[in-house]
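What follows is a group of structures, each given as structure tokens.
Two complexes, one shared chain (chain A), two partners (chain B, chain C).
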Partner chain A sequence: MDIYLLEAILNGILLGGVLALLALGLNLIFGVIDVVWIAYADLVMCGMYLIYYLYAEFNWPFLLACVAAIAFVGVLGILVHVMIIAPILGTAPINQLLATGGLLFFLQSFATLLFGTDFRNIGVRLPIIRFDSIYISSARLLAFTVAVAGAVALYFFLKRTFVGTAIRAIAQDRDIVGLMGVDQRHIYLVTSAIGGALAGLAACLLILQYDVHPFIGNTFGPLIFMICVLGGLGDMIGGFVAAFLMSQIIAIGGYYFSTELSYVFAFTFFIVLMFLRPHGVLSR
Partner chain B sequence: MTARHAMLAILLAALATLPQVVAPYFMHLLIQILLWGFVYTSWSIMGRFGFVSLGHGAFMGVGAYVPALLWNYFGVTPWIGIPLGISLAVVLALVIGYPCFRLKVVGHYFALVTLALGQVVMLSIVAARDVTGGSLGFTPKAVGYSWFALQFPQKVYFYVIALALWFGGLAVWYWVDRGIGREALDAISEDEEAAATIGINVIREKLRVTVISAALTALGGAIYGQYMMYLNPETVSGIAVSLQIVFAAIVGGTYTALGPTVGALLTISLNEGLRVAFGTNFIGAANTIYGVLLVLFIIFMPRGIVGMIEDATKRGWRIKPL
Partner chain C sequence: MLSLAGISAGYGSFQVLFDVSLEVPRGEAVGVIGPNGAGKTTLMRVISGLVQLQTGGISLEGRRIERLPPHRIVEQGIAHVPENRRLFSRLSVEDNLRIGAYMPRARQDCAKQLERVYDLFSRLKDRRQQLAGTLSGGEQQMCAIGRALMSNPKLLLMDEPSAGLAPLVVAQVFDLVHRIRSDGLTVLIVEQNVQQVLDVVDRAYLLEVGKIKLAGTSAELKGNDFIRKSYMGL
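Our next item is the complex of A and B:
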């Protein structure tokens, strides 16, 4: 097998980890609150800017900056829910999607206003790992490992704790859960906070690989909605499978053709699969 | 002739005399408002029935690029290129629309499928950079004043074209609004299953408005390209334009004929006003305010400005508690 193709596939797997993490956060919110946060990728952008400023400008230790970013984006998640979603929770779902679309405009342009359109880089370059003539970026490997660990932690949280069980229950039937003594509003807040925190975690991992700029959300935002829907609502394993499918299409397509064309393939794949398997890749 | 018609006649007369009195800069703004107003109206022809497409950038991009490419590479006049672009947009609308409506892909899911479509078109244009110039954009070959090339250096020509287009868009809006399918579409937007059981051909009705909407959007893109003489994948297709279309229509009011135009008027004047007031030091200021407005609009007045005014006039200007 072609060594460069193998490298592309490996890098695709590593990219899939971070995409899966993001899709997981989105999936949680989509499944529980039944809202698509179009601005989800832009919350990641906010986290990336915070880390950039704390680390590169104020010289905080990187890990501390990461913790701050996770907490900050978690709070942003709560704010998004309280200020934007909660007031219109009863209206048509498309309104909620559009309201977070307004948030997308706001975040992107506010970031432009505050930080300008420069590409900013925290200046940390992790070493490249050489593995028998295959080169792998260790930043990606780290991102993959942390993303998978985060997903596993979330899995156990959802399976083993009371709040986690309530979250899963609400995704199944939001009306009955209320009768079982669960306060939906409380669960919505917790879910939004977790969704935000996951975006913050993704920000920590992405800042090691990419420069931050106000429109970075547009580059992977659409992709993670697609992954989230492809995986199927509330189906965490399906989300993982979808993330790796999409990242492989992008990696291999990018290897044989070009990056843009590989995204064209990925989106076309999404459209076709929506028609073939509207309830997720693993549904039967 | 009612008062409404008289108002319309006065408005048209005023719009027709404007080129004589207005500076070129305002002329440019007016053309932009009319062209975008037309595109937003085209979107709302389907958007008002709850078929929210986040991929109208796809149709606009196809409509804009096809005639420009044909003109530059083969010297084909836009008079042929534009209908070809529109046809391609219609084919695209059918290819996406038919399976979506057949398989009942609605709401969020429809929005995301169309979003993917917009990205596919935008990224395809970027990927074919040898032909389209990619992200650097594409400039149609300029030949000066020419009816054959549909190029006019004087703004007044495009003003008249944009005015006609905008008026035509409104006419189509009314035609759909008064047409026999209107009731069917309303029923479908309320409850597809129920609509189907009383004998409405859900797929055909939905496809009809989708095709009309896509064709008009492609036409808008084509004329926009002819006027600007510069195309960029980011400014005529993709997620940014698609969202811009949706939001301007919503701010103005999706459910009324003039709503999308008011949306265009508001967003373009807000943008220009802030640009003139603050200069380029505050890039992003306009869209920051716009973003906040959008969120507020969707939460507090989902029927948009014109919808709100209509409600208020019907109630005799009393403010109803929310």
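Our next item is the complex of A and C:
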């Protein structure tokens, strides 16, 4: 096989990891609370700025800045739920879309006001790893590994703990979990915190590869929504698979043609799949 | 043990229950019978807090519970087997049971309770890793009852446990009610299957269009002409 194609495929897999992590968070929130956080990618942006300032301006150790970012975005997730979602939870779904859509513009404008439109870089350059004649960015490899580890940790949390089991149960039948002693509001808060923390984790991984600016959410936000819909909204495994499908299309398309054209392929693939499998790639 | 005094409830402007009062003494099994749409399910949902009542009061062992949310009512010792079972069909049998022991006090005893439920329903033990949605109707009902027992309740509410089951399985379910009772659990059961439910309960109430029409021991009701004509086809 062509060695450059192999490199493209590998990079596609590595890119898929972080996308899968974000799709997981969005699907978790949709599955449990039945709400789509349009501003999800912009929560990642908030986390990236926090790491940038803590690490590059205040000289915190990188890992400590990451922990702070995960906690910070987790709290942001709770705030999004308490301040924006909870008051309109029982109303028409369009209200929730509009409200979190409003949050997107709020966060982007607020970041512009606070930080300006400069592209900021934390200045960490991780080495390029060479296997034979394949070159792989170790930042991407790290991002992939941590993202998959995060997904596995979430899997065990959902499978093995009482709260995790309640989260899976509430996604199936929200009206009766109270009869089992489960406080719905508490589960919603935990889910929002986990969704936020996953966005915070993604921020730690993305800051190593990309410059942060107020509109960085726009570069991968739409892609994550596409991945979630492609996998079937609320279907966490479907979203996970769809993340790698999309990243492969982008990586291989980018190898044969160009990165710009590869996004055209990805979106075309998405539209065609919506006709063929409207309920998700893995739907029966 | 459980006492309902002058309950009125409904959905929005649609009133379902009118001034319903009933008593469930400790250690007894009490039935509520009546036709479709009489408000039997609403009555159960009012007790477990899923439907807010408009007037009246509910007390469990002398403590008022009518303003508590559902998860707090479970903590007071009332478990509810809902109409149509409502299992989490894409969760395993064991996960369905474990979630019944969600509240902090029950969690520590989860393993013990699980053993107890598996002793009661050995078929569930064989199928513990299976998805609940793949169980037969009778097994699903057992799983739903088992899930309610996991919180180690004092009072068990059962909403139409025989609905949609084959006659042989219905007999098994009623036999089970009998066994649960002999463990000292208090039971309030809602049924359309009048003949069979009167065989397992001590006392029963007849609910028609949201009002209690008759009340008495099961022997009295079995001998009542109106019940015999309208509900037993005799």
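As a convention for this text, the second predicted complex is superposed on the first by the 282 of 284 C-alpha atoms of A that agree within 3 Å, B and C clash if a C-alpha of one lies under 4 Å from a C-alpha of the other, contacts with A are read in each partner's own complex, and residues count from 1 in each chain.
Here is the rule we go by: a contact is a pair of C-beta atoms (placed from the backbone, for glycine too) under 8 Å apart; a residue touches a chain by one contact, two chains touch by 3 or more.
What you see is a predicted model; the values in this text were computed from it and never measured.
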Which superposed partner A:61 touches (first chain B, second chain C, both, neither): neither
Chain B versus chain C as contact partner of A:183, first or second or both or neither: second
Partner chain in contact with A:175 - chain B first, chain C second, else both or neither: second
Contacts of A:98 with chain B and chain C, given as first, second, both or neither: first
Partner chain in contact with A:271 - chain B first, chain C second, else both or neither: first
Between chain B and chain C, more extensive residue contact with chain A: B
Contact footprint of chain B on chain A as seen in their complex: 36, 84, 87-88, 91-95, 97-99, 101-113, 116-117, 214, 218, 221-222, 225-226, 229, 257-258, 260-261, 263-264, 267-268, 270-271, 274-275, 278
Residue numbers on chain B that touch chain A, as the complex places them: 50, 52, 96, 99-100, 103, 105, 107-109, 111-113, 115-117, 119-120, 123-124, 126-127, 239-240, 243, 246-247, 250, 282-288, 290-295, 297-299, 302
Touch list for chain A against partner chain C, complex: 162, 165-166, 168-169, 172-173, 175-184
Of chain C, residues touching chain A in the complex: 48-50, 69-71, 74-75, 79-80, 82, 86, 88-91, 95-96, 98-103, 106-107, 147-148, 151
